[in-house]
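Two complexes come next, and they have one chain in common, chain A, joined by chain B in the first and chain C in the second.
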Partner chain A sequence: MASTGSSSSALEPDASLRPADLVVAVTSHNDARSIGAVARAIVEGAGRSFESGAVRLLHADTGSTDGTREALREVIPAGSLVELPHQGGFGGGMPYHGDPGRAHALRQVLRVVQETSARACVVVDAAVQGITPEWVDQLAGPVLQGRADYVAPYFSRHAWEGALTRGIVYPFFRALYGVRLRQPAAREFGCSARLAAHVLEQDIWEGERSPAGVDLSLAAAAVCADFRVHEVALGARGTARAAQADLGTTIAQVVGALFADVERHVEVWQRIRGSTVVAVSGTPAALGAATSGVDPAALVESFRLGYRELREIWARALPPRVIVELRKLADTPAAAFRFDDRLWAGIVYDFALAFAFRVMPHDHLLRSLTPLYSAWLASLLLQVGHAASADLDARVEQVCQAFEGEKRYLISRWRWPERRR
Partner chain B sequence: MWTQVEAILRQAMTRIAEHIANALPGVLVALILVVGAFLAAAAARALVVQALRGLDFDRRAEHAGFGGLVDWSGLANASDAAGRVIYWAMLVLGLLLSMTALNATLPSQLAMSVFQYVPDLLAALMILVVGAVAAQFLSRSALIGAVNMQLRAARLFAMAVKWLVLLVAVAMALDHLHIGRSILLLAFGILFGGVVLAAALAVGLGARDAVSRALERQMQEPERRDEPVNHV
Partner chain C sequence: MRRAGTSHDPRWYKDAVIYEVPVKSFYDGNGDGIGDFIGLEQKLDYLQKLGVTCLWVLPFFPSPLRDDGYDIADYCTINPSYGTIEDFKRFLKAAHDRGLKVIGELVVNHTSDQHPWFQRARHAPPGSPERDYYVWSDTEELYQGVRIIFVDTERSNWTWDPVAKAYYYHRFFHHQPDLNFDNPAVMKEILSVLDYWLDMGVDGFRLDAVPYLVKRDGTSCENLPETHAVIKAIRAHVDLRGPGKMLLAEANQLPVDVREYFGDGDECHMAYHFPVMPRLFMGIHLEDRQPIVDAIEQTPPIPESCQWALFLRNHDELTLEMVTDEERDYMYLAYSQDPQARINAGIRRRLAPLVGNDRRQIELLHGLLFSFPGTPIVYYGDEIGMGDNVYLGDRNGVRTPMQWTSDRNGGFSRADPARLYSPLIMDHVYGYQSVNVEAEESDTASLLYWMRNMIRLRRLFTVFGRGTIEFLAPSNRRVLAYLRRCKDDLILCVANLAGSVQPAELDLGALNGYVPVEMLGYTEFPAIGELPYFLTLGPYGFYWFELQRPGA
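After this line comes the complex of A and B, so read on.
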């Protein structure tokens, strides 16, 4: 694998789908501004670490109209790039990440991995900011060295960033599937040919929730089939793509995909207790001081409004005891506002159960979670504020332990739905 | 003369007796049909209520948005309401059938015209049911959306959506039944025209300054599309 070839020599000059060691795919949707920098980093990274012709570069664009394809062609030598056809006509609303055809694009990429008999695949989103040439080797290395089948990034983030992942996705994913994968919904990853073949057989590609949740479903499919998982610290991640959805829609899409996977893997997660640590390569970057764009007081007010107007809807998903706890929380002054971890874990599990038992339309249920998430985020920010990453990680660890502790409740209610706390 | 009077009276009595004798089987059949319909309706009502309760119909109907309709009916729950509808439908059907058994022209015509009206009635009922479900769904969507946008008047907004949809459904149902079509149209015109005029006046007079400030801000500031925080 290791090579010191020139930047362009690692890329196969003939774009036909001949065998390659590594497939690097760039997925894009109207990313003309950022795709050039991403492509340059990939070409340089491939040149530094791989032998001539060992890397096949794919571009899976999903209908860009801003010249994204042309911008990439300016960077990648003609003939060295395989452009995958765009399917077009994606139904449903725009996903939170702004790429409506992502599921189809990923599926095509993984098919190419099979066709070229590549040993590994790296997927990078064209909107990503902060990418360095090392990412290619970091994401592909553990797979090519036979240490992992799925390599997830571990991005360093401030307390107010990625709170949905910290507060729901990671603790829930970890408690259910027993794997401490911190960012399972990440849009950059590396995977082995074996895993690619496995996930291509899964029914994660064409559902209502696949455009927004395919990355999460892919990670869930990997851990549920006992594929080896690895994390790499890649520093900070930014995005050049403007957010395409409000908070309620984002929650509905991400949490909806998470809950849909629960039904898909019910035989697996009911057998799992506890969780295992995932090996991490590299050291997480220390983040500098930054100002939060989130005001905890406004979040608390948002929760209070939600409690006043939505508690009848919540009562359809949550047991009476929890509603009483929420009333107490709504009456608590902002300075002393603390969301108990076990209460939060129980609420997320109750919403997962309500989702599975279809107590109301999924969209209503998931969007009604927004004020509760706001309350949890307010509580987190009031507790950790601008604390160092280690303190934040320790706080998230406590949340995860609460989720693991409450998993018995989820299993019990899943098996005997009439039981209530 | 008395002999003639007696003869006429006898003939009259004979004719009345003959009429009664002719009508009696029909009346008897009508009575049997009424009693049978009553018994069948009571049995059907009991069965339907029991079956629906077994299927947890009350909770499901509440969730589906029929709570408002049940409240209007003045009954405790949806199962009782459905049982009551079945009961009265069967009873009315029995009464109409019993009228035809009387072999009289007017009641038979009445029965036939009512039977012809049944499809319209069912269609109107379907419109009401769909309207109630849509009202509940849209009202809840509006409430959740407004709360997530942190609108203080979220409940008011949701109620407005609910009643608007319900009113449209009721109007459509009545229109389908050909009841007060022109009055209905006029009432709706007045109602919606009034609401729009009131809203226009409220914004134009009461919130004129706020609106102009908001418009100025929007025109002066560049469009801001990026979410300041990435939650995922």
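After this line comes the complex of A and C, so read on.
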């Protein structure tokens, strides 16, 4: 058996659900290759920071078939691990790629938090790369010290990494909910028992969008109920899980989940103006200039093709003025290609409205956003693609301000959808 | 945590938008000419899209239908014309699946004279428990001086029964004998009726004719302490079944008397506010806010858990019982110059015909309904501006089939038109050929679209259902202005009751620095300063403003 990496384990040797200070859960889906390293980091981290028996370690697997469970058992002593049963099948109406049982898994984890009267919970995905033992304390510490109810990671990323979060999720989340949470859909987080109890009562667990969006919904539920939010700089994040979905599917899943939350919290976000900074623990790793393998020219061409093929669909979601702007953009040479931030914010809002008012099947609508997103990403890369992280942050800040500025338009049309600009 | 305004909130009724729907009139699912539960279930998507959150289903029990179903012959099953218990259960589940609450009717002041209890009573010996289910007398002398409600059709509250060889008491029609709540067996029966429907999942009941339950000689037989004791017992029984079940009192009384039906929060959860409705119409016709302000300001405070139910129109006449003689005369002259439109102490017209089909007045009245303290009730068909037919007798002119399309029978039924339970509205202004759901669905400027948006907007702000109201006093009495306040929400409502453009100078000095944001278009107006805030309102125009804190 492999070493646990700690001579005085903080893990309770008896895996029954007795009281604990901290619950640490590893979520997995066919992660046999990476789960061992993740588990070793967690065990070592728990051992360094917590007293013996203070931590309950859970494994919430979502139906792995590659020996993930067995790989974990090689690392964690059998009696020190609570393995949660997984839920089979996925009944959603949309083609799904990824981790279909994640909502169920997280729900079980949070129930264990309640059952064990734990003060805090840390969730780590088994596919994550770059984890260190410090993550446990970094994610749990602000909760256990009473400074936060929700602790999100702040991973350092290049311009081409996590662009969907930078271009849509973060600006949209920030503008609507008024909290500058940079990575609200992260699969690693810490949360308090109070927040766990709150989200268990929310209607976020069984919807069509839940499998892909439950992490995002959890963050949205936290900020909409005024729970204290904190970020912790954890360096760079890699993943051992190969991308299983094409860009269109990813957009449909992530943006669909984002939009589904909009309807859920409508009476909250329509009252919020501006946004507040979230405190960050640690210093985000500064990434130097680097070259990506993403070709802006190919993205622009993808947009042009989309304009030719999807314009009629876009016209059902977007006002005429925007279609005219897109035509101009499609005619712009790649070298001068710039996607105006306000135009982009308005487009995302119009898609959110079309989603809410069901102007067409959700999946068709969301997938038709792909060429527009490609155009925005191309524009971003052409401007800052090779820049250092500080320049990138400044550029993303401009995008966010555009989303905050255009929020009035979203509210206005939400309240009177027949009104178009 | 249960969020206010959701269907999980035990006080959901405080934020609800209720839709009053008669089963027979809404949609005929089996093609026999009469609306039914199969049809109602098929139209739930329409109701969900409209944005209402609760369906108040008018009586659907077996009945001779001599009072539109308020003459019940069996409390624990469905009128066969409307379907079966299984149909009802399917409808109820489908409504709940959509987040819609369903409340039914508890008509327990009286039954039909066809009810087995009455048939048994009239054959039972005097003094027997069976006989005592109802109120009997050898003469008409008992309860002298008690007013007659249906003055157009009833000469006395007593009717001779040749079988029983005694008079029986009836506060409404002579074919609706009053139950005797002094008999414990009656109360037991009523509680078992409650249990039957609560077990099925019904979310509450409208308690019909609630002031008249207990009778005492030498009194008006209205609002008696013994009646309140009965209601408390009903409420306690309902509470035993768990939270979230609602009782709505129909007490057509002055607010000070209606207030008693809330008790200390231990009688009804809701009660209709009858006086405010005619005064809304009066205020607009007079172009003067005073009748409306008076009606609201004379409303006594109610327990925090309770709520007023507000409405513009319903299945009955626009009742003028709770206005002064002078006001009644004015209302008759203003709104029913055709004597055919008058019935009992009221006017049997729908909303649109009452205001001459003036879209601006219809919108203004709904703007007031949705922004006054209470829970609004929308009468079926008023969301599309349906008309009426005052020549159909009784109040049947406002109970005609829902107009879905311009096709045969207005899309209400596939039956031979001769089989319909009622003729449709067919005149050239309100006829189903022009006023129907399908047409309004395809017209984004229609009243239906407007109603959907307004209902959705109201639901965004729990202040409308839960907040306080504070009237402003602009010098122009054609302008009605008031603040609604609840926790952090502060809303300013301003309405022009006149058919011409009006200026308004509002004293908002206490809110210096606040920024009014017009709620329908989310348009920011100039910040409030020290000087009076000046607005211009178009004919029958109204604004709702969110007042945003300085620097927020």
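In the analysis below, the second predicted complex is superposed on the first by the 403 of 421 C-alpha atoms of A that agree within 3 Å, B and C clash if a C-alpha of one lies under 4 Å from a C-alpha of the other, contacts with A are read in each partner's own complex, and residues count from 1 in each chain.
Everything below uses one rule, namely that a contact is a pair of C-beta atoms (placed from the backbone, for glycine too) under 8 Å apart; a residue touches a chain by one contact, two chains touch by 3 or more.
These numbers come from a predicted model, not from an experiment.
> Based on the shared chain A superposition, would you classify chain B and chain C as clashing or fitting together?
In the arrangement built by aligning on chain A, the partners chain C and chain B clash.
> Which partner does A:Glu267 reach: the first (chain B), the second (chain C), both, or neither?
Touch partner of A:Glu267: chain C, not chain B.
> Please work out whether A:Arg408 is in contact with chain B alone, chain C alone, both, or neither, and reply first, second, both or neither.
Second partner only.
> Looking at chain A, does chain C or chain B touch more of its residues?
Touching more of chain A: B.
> Now for A:Pro417: first (chain B), second (chain C), both, or neither, which partner does it touch?
Touch partner of A:Pro417: chain C, not chain B.
> Considering only the touch criterion stated at the top, classify A:Thr250 as touching first (chain B), second (chain C), both, or neither.
first
> One more residue to check, A:Glu201. First (chain B), second (chain C), both or neither?
second
> First (chain B), second (chain C), both or neither: which does A:Arg367 touch?
In the superposition, A:Arg367 touches chain B alone.
> A:Pro333 contacts which: chain B (first), chain C (second), both, neither?
Neither: A:Pro333 stays clear of chain B and chain C.
> Between 7-15, 43-51 or 115-123, work out which stretch of chain B sticks into chain C after superposition.
43-51
> Based on the A-chain superposition described above, do chain B and chain C contact any of the same residues on chain A, and if so which?
Touching chain B in the first complex and chain C in the second, no residue of chain A appears in both lists.
> Would you mind writing out the residues of chain A in touch with chain C in their complex?
Residues 198, 201, 225, 266-267, 270-271, 273-274, 408, 411-412, 415-419.
> Spell out the residues on chain C that touch chain A in their complex, using ranges where they run on.
Contacts found on chain C: 1-2, 5, 444-445, 449, 453, 456-457, 459-462, 488-489, 519-524, 548, 552.
> Over in the complex, which chain B residues touch chain A? Could you list them?
63, 137, 140-141, 143-150, 152, 154-155, 225-232
> Show which residues of chain A lie in contact with chain B when the two form their complex.
Going by the criterion above, the answer is residues 96-97, 160-165, 169, 185, 239, 242-243, 246-248, 250-251, 254, 293-294, 301-302, 305-306, 309-310, 313, 316, 359-361, 363-364, 367-368, 370-371.
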